[in-house]
Amino acid sequence: MFYVDNRLQFPVRVETPDPLFARALQQAIGGVEGEIRVAMQYFFQACGARGDARFRELLMNTAAEELGHIEMLATAVAMNLEGAPLSMQEEAAADPVAGAILGGINLKNLLSAGLSAMPIDSDGVPFNMSHIYASGNIAADMHANVTAESTGRILAVRLYNMTTDPGMREMLAFLIARDTMHQNQFLAALEELGGAEGVFPIPNSFPQEEENQDFNYAFLGFQADGSEPVAGRWSEGTSIDGKGEFTTRAHEPMGEEPDLGSARPNSGAQSEQME
Amino acid sequence: MFYVDNRLQFPVRVETPDPLFARALQQAIGGVEGEIRVAMQYFFQACGARGDARFRELLMNTAAEELGHIEMLATAVAMNLEGAPLSMQEEAAADPVAGAILGGINLKNLLSAGLSAMPIDSDGVPFNMSHIYASGNIAADMHANVTAESTGRILAVRLYNMTTDPGMREMLAFLIARDTMHQNQFLAALEELGGAEGVFPIPNSFPQEEENQDFNYAFLGFQADGSEPVAGRWSEGTSIDGKGEFTTRAHEPMGEEPDLGSARPNSGAQSEQME
Amino acid sequence: MFYVDNRLQFPVRVETPDPLFARALQQAIGGVEGEIRVAMQYFFQACGARGDARFRELLMNTAAEELGHIEMLATAVAMNLEGAPLSMQEEAAADPVAGAILGGINLKNLLSAGLSAMPIDSDGVPFNMSHIYASGNIAADMHANVTAESTGRILAVRLYNMTTDPGMREMLAFLIARDTMHQNQFLAALEELGGAEGVFPIPNSFPQEEENQDFNYAFLGFQADGSEPVAGRWSEGTSIDGKGEFTTRAHEPMGEEPDLGSARPNSGAQSEQME
Amino acid sequence: MFYVDNRLQFPVRVETPDPLFARALQQAIGGVEGEIRVAMQYFFQACGARGDARFRELLMNTAAEELGHIEMLATAVAMNLEGAPLSMQEEAAADPVAGAILGGINLKNLLSAGLSAMPIDSDGVPFNMSHIYASGNIAADMHANVTAESTGRILAVRLYNMTTDPGMREMLAFLIARDTMHQNQFLAALEELGGAEGVFPIPNSFPQEEENQDFNYAFLGFQADGSEPVAGRWSEGTSIDGKGEFTTRAHEPMGEEPDLGSARPNSGAQSEQME
Amino acid sequence: MFYVDNRLQFPVRVETPDPLFARALQQAIGGVEGEIRVAMQYFFQACGARGDARFRELLMNTAAEELGHIEMLATAVAMNLEGAPLSMQEEAAADPVAGAILGGINLKNLLSAGLSAMPIDSDGVPFNMSHIYASGNIAADMHANVTAESTGRILAVRLYNMTTDPGMREMLAFLIARDTMHQNQFLAALEELGGAEGVFPIPNSFPQEEENQDFNYAFLGFQADGSEPVAGRWSEGTSIDGKGEFTTRAHEPMGEEPDLGSARPNSGAQSEQME
Amino acid sequence: MFYVDNRLQFPVRVETPDPLFARALQQAIGGVEGEIRVAMQYFFQACGARGDARFRELLMNTAAEELGHIEMLATAVAMNLEGAPLSMQEEAAADPVAGAILGGINLKNLLSAGLSAMPIDSDGVPFNMSHIYASGNIAADMHANVTAESTGRILAVRLYNMTTDPGMREMLAFLIARDTMHQNQFLAALEELGGAEGVFPIPNSFPQEEENQDFNYAFLGFQADGSEPVAGRWSEGTSIDGKGEFTTRAHEPMGEEPDLGSARPNSGAQSEQME
């Protein structure tokens, strides 16, 4: 269960409110690489964690941290929206910059939320919880979390580069640092789970002898001219999971042309399909 | 650009059509860990790839492969739907199993598609392309792809365990093998990009001295009782990226209680909020 | 503007309530080929109609009709849900058929709507208004409407085949008849707009001499073996719009391999991409 | 069933077309607090109404009214889009205001709808029918409708404040008045249903003695420092439903740490989770 | 910011795991009337609260409580999924009840989450954050919250009636009690804000003299036969907000037939529309 | 199965990068009338095709072509985004045009994709695969495809009119030509299937004598004043399918006022609804 402290995890200051930057910050709240996503992803992974109980605690602890990040960003959005124009025609007529601002923000921040943050991305698209990956496989979850923290840090870096406001840069320098830690933290969890050779292929509980042995370490080419595909670490040498040897070859169709036959009567097809 | 061969990449056989298994297979087509997702993800990553041209080719080559997997699965869905009941009342009355089948399938496979596959998941939810992660950062993309292939292989294993049909198991043993290779292939790409110490923290182009140095390698605790959070590889020792030393501490609020002040006149708030 | 009469457009009778059929009927309400779609599609096409005012009236008139169809179907759903089990464990234990029913219905019809209809499809997915096609081109709109009425009639036929209830068959025989008329009605509108040779290619206002003349009537092949694509009415003879002559050939790439160059500094890419 | 009159419910005039305001008006059509939402919500509530037949009529009557509001707003959007630039480069180069307009509108209004309205919100997001709340409980529905009319009126007020066009203000003054009436109308329905003491807690048909009596009128605190939560009318005195007495206290965990045990074999987890 | 305690807010016990009931419980997690919705709604309302600071605290405090409810329900879902069949053909062949169970659950709970909870509803549809209503108007927000708690309690009551498991009933009796309190708590907040006469019409900051005075307290009829609409408390007497007198009349169109004229050249319309 | 050639189907050149035009081009990728839609629609129609095997090949061949179009457009988006501002405050302050550009693009193209294309439309909304119409009826599918190519060509024409860049116009002149061919190609398929009189009403396999004969060729009026609806080709003469004679009349309600009776006990309704 959760408790709340009314103070923010880290100070949020805005020296010069910038309504367009408020729109950009929305991506860090409701974008697919944003903070709602990680908070809820770790939360649901924790709720479904089976096996070593430390992972449940690791995940729920960080979920609590991420909830605080949403709060910080939502505060930052509202502060950047201060001073946004509420009226349209006069502003745009008098001042192209003001017009560009009204045209450039997510209007829902104004029309639906009264100059406050929403769980939407930088183009006004609401967050969809299908992006919460919680697979029931702890290694896949940890790997997904490194991915989430990577795209999250990329986003935070882009936002940092986009603003010169000292307060916003200070907040983002904190969030970037946390993403650095979180990447490392979930990488560390993967190390505990056995590192690349212990963890992969995920899931490691499937008996690999039931895989098709002709295809599990072959880099297949689908080049139209039949040439071999581009060479690299992936095309020869021992596989990264240490359980196979990479090979390369062009692939040719092994199956037939599919034939579903005629349509069934009463199936709503055209008569010609039933012949 | 793409070319097509009308034959399938690998044979698809169904000995005993099973409409409920058709529903389960839909997850591998239109689920968030399914084949549409990987095909389109590699496709868009390829289209936006900057830098070393080999990655563009690696990605587009595998996108072509995955398109063939969608086709195989769609064929398998249609073949498993053969013999599904088209009529409701009589079946359910006469035969509880038939009733359970009609109640158990995605009805859209019947009502919208006439016993064919659709780009939906196992509960009938259409695939949403927001799940195509293509970040413009090649390391994040490769990491996302390992994640996608991990959840994809987990799904294929679950499907394999769910059926006893020899044809379906043969097809899934092929797909599981490909997922093994694809996990390794993208792990190999990460090795080419420098391995954990070269790649992380993603993006590696951001000057780490601009991060908040108090927080980039600290495992913070948010336990209500103020205790330190659960210990593990993540709480001490050198960080996985080799650039820091893990520490642990409980976190306390550093910011103030946020105060957005009064609502602006004409902003649609209650009068009481404007005082 | 709209008026309402509390009576139904056509009688709705259910002799034997069938909760599973209620689920199937939901597709005709909230499915992409359902009645909300056509009602709202004609409504928005009418609201945006420019040119000959008769089309606006034709569309808004039929929008009113379709609203009445939603009402009929919603009534039918509620009537079929009569008698659905509200309790789970006891029913399933005692009676597999009852268990199959509870497992087979959209649970939201019970949990969210208290045994009433919802704007969802037969798998419980809510209707999304992106399916309202209103292009601002009257010919495209009429063609889209024929399509909508075709998939609508296919669905109604599948539902008709799925039930033996006399009341439901009577209602569906009415709706199928209306779909027949609506297909013809919008085909008639296309005839008024000039028939195939007058209407196509849509939009007919674009000067065809600005099209690439090598490609506007060529059936291009993308067969991997370089063979010509499958022959038919589309591969030779005068085009259906009467403005060209069909030819056939295999297509080969005319562009280069795309090269987006290096990533920009500060764009969140890896350092390696910026070299 | 429904009838249509080709005239508008209320005059729609635009003195100075304003494409950016057209975008804002889209929120009143396809936003979650817009007119499609209320029209369809009352419609589905009416279709599922059980008990006193007057509520069905009240709801369907107002549904008809709201359909007319969508039509008015769609007309207003098209009229405000008159004169929007169709061409990009030249305009933006010559005239920053024109460029800001093209950048500021929902491009779909131009690209998909040819300068007409669409069922989207002010950021181009299509309306999703999951927002149609029709619970099968008449009191909850009436309460939801007051809420919908409240957010609807807030939106209309914000739009009114955003424009100075006399025609648009006249239309919005009409719509704001209707929202005033609709708030009152559904509040009146709640009064008929028994007022706060008769209606609450919703649903009033559940025997309250089966509730957990320690928690049904207690204001629980989740402050991290263990302090009591903020005091107010909600923390002491008789409850608003007249059936309890408010108390306040900090809450502490009553459950254990959850433990789901090991993962099952064949469930796709890692081997380590199955130990 | 948030803290976590690893113990549950209230005990979660399941005596007889019931996979179908797990599906039903998903509605209370990811349904539009579920716990994610209220947790996130109060959270975002708190983040955007302007004016009296007590409301921010009231909201954030209850957000913390609701997060704990999600956790309880997610635990309950996983516990009810214990023993669900992982294999399809054999079960359904041998045992219709087992077949009905596999057909009756959200397959994603098994295929995507390995027998754990997900942020989806009872039909497998992921929660969409557009359902977070946070209007920037504190009275509308409080009213929306009463609505949310009403539909939430209806759902909990339906779930309670659906199960006979003592552990589940105990948990639901707790949640139902909390919904009772939360309805009262937000009603109490509305009383603090002035009660019906002080609060309505929302927003109360708009000068009512700018409303169209002919329409703000008139119950308008849209009956096709021109009759007056159904009478009730809403058709005569003083309005609930105390600021008007209800009247009733049939409405007739006051606007003209809309005429958008010809389509513009280069707008993608048919030539016939441009004449 | 599919093969890839790394070169583009047709050259993509951009003389003057235009970030706002990049946003517009996104509609042709991820809009409902865009290239993902047609590629995936033909793909799924092919996978489910029953009857004459030529249609499967026709569809899969053109699916391969359309995949190449997505690639061309994605390349064009990335090329037009070259030079887009990455920083916000300074640009907007110094240069209104630059500010308008940043406000005018889909920020996700920058924040999520690093100046690359995404599967989103011109307002940043991700493509939803529910738009893949594959009905199991070959005639409906062909008709749907003509519709898709019509809206696709309208969009391409609007984009062509919006730009003056010679490279972009050359690419669009190619795509417009292909849409001309594809309209004709699917119209030709309909001619092979029997033309209007053979194909309609879709599905032609339903015995028309089971339709309600009073309603299958009657143009019904729903005008509130009881007048006949607007006359046209649809109101008299032989129907387009050659199987009926058009008639016209005003429709009056044939059903009763629906009455669902009282709510069931334990169904979560108010007590008053159960009386």
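Each chain carries a letter (A, B, C, D, E and F) given by its place in the written order, and its residues are counted from 1.
Following the convention adopted for this analysis, contacts are C-beta pairs under 8 Å (C-beta built on N, C-alpha and C of every residue); 3 or more make two chains touch, one makes a residue touch a chain.
Each chain and its UniProt protein: A, B, C, D, E, F = Mn-containing catalase.
Just so we're clear, the structure is a prediction, and the values are computed from it rather than from any experiment.
Asker: Can you list every chain that touches chain C and also touches chain E?
Answerer: Common contact partners of chain C and chain E, which must touch each of the two, are A, B, D, F.
Asker: As a test of understanding: of all chains, whose mean C-alpha position lies farthest from that of chain B?
Answerer: Between chain B and the rest, the longest centre separation is with D.
Asker: Can we say the copies chain A and chain F touch using the same residue numbers, with more than half in common, or are the two sides different?
Answerer: Comparing the two copies, chain A and chain F contact each other through largely different residue numbers, since under half are shared.
Asker: Centre to centre, using CA atoms, which chain is the farthest one from chain E?
Answerer: F
Asker: More contacting C-beta pairs: D-F or B-D?
Answerer: D-F
Asker: To test your reading of the model: what rotation angle superimposes chain C on chain D by C-alpha positions, in degrees to the nearest 5?
Answerer: Angle of rotation between the two copies: 180 degrees.
Asker: Rounded to a whole Å, what is the gap between the Cα centroids of chain E and chain F?
Answerer: Chain E and chain F have C-alpha centres separated by 32 Å.
Asker: Measuring centre to centre with CA averages, how many angstrom lie between chain B and chain E?
Answerer: That pair's centroid distance is 28 Å.
Asker: Suppose each chain is reduced to the average of its Cα coordinates; what separation in Å results between chain A and chain B?
Answerer: 10
Asker: By residue number and range, which residues of chain F touch two or more other chains?
Answerer: 1-9, 32-33, 47-48, 50, 56-57, 61, 64-65, 68, 71, 75, 78, 86-87, 96, 100, 103-104, 112, 114-116, 120, 123-126, 128, 130, 135-137, 139, 151, 154-155, 157-158, 161, 202-203, 206, 222-224, 253, 257-258, 260, 263, 266-269
Asker: By the document's touch definition, which label belongs to this structure's chain graph: line, ring, star, complete, or other?
Answerer: Chain contacts: complete, every pair touches.
Asker: Show me the residue ranges of chain E that touch chain D in the complex, using the header's touch definition.
Answerer: Spelled out, the residues of chain E in touch with chain D are 3, 5-12, 32-33, 54, 57-58, 61-62, 64-65, 68, 71-72, 75, 78-79, 86-87, 114-116, 125, 128, 130-131, 133, 135-137, 139-140, 143-144, 146-147, 150-151, 153-154, 157, 160, 170, 173-174, 176-181, 183-189, 191-192, 196, 200-203, 206, 208, 210-224, 229-234, 239-241, 244, 246, 251, 253-258, 260, 263-264, 266-269.
Asker: Name, in rising order, each residue of chain C that touches chain D in their complex.
Answerer: Against chain D, chain C makes touches at 1-9, 30, 36, 40, 43-44, 47-48, 50, 56-57, 60-61, 63-65, 67-68, 70-71, 74-75, 78, 112-120, 126-130, 132, 134-137.
Asker: Report the residues of chain D in contact with chain A in the complex, numbered from low to high.
Answerer: 16, 18, 20-21, 23-24, 27, 31-33, 96-97, 100-101, 103-105, 121-125, 151, 154-155, 158-159, 161-165, 222-225, 253, 257-263, 265, 267-275
Asker: Flag every residue of chain D that touches chain B in the complex, lowest number first.
Answerer: These residues of chain D touch chain B: 154-155, 157-158, 161, 224, 266-268.
Asker: State the interface residues of chain A toward chain D in the complex, per the touch definition above.
Answerer: Against chain D, the touching part of chain A is residues 1-6, 47-53, 56, 86-90, 92-93, 96, 99-100, 102-104, 106-108, 110-112, 114, 120, 123-126, 135-139, 193-194, 199, 202-206.
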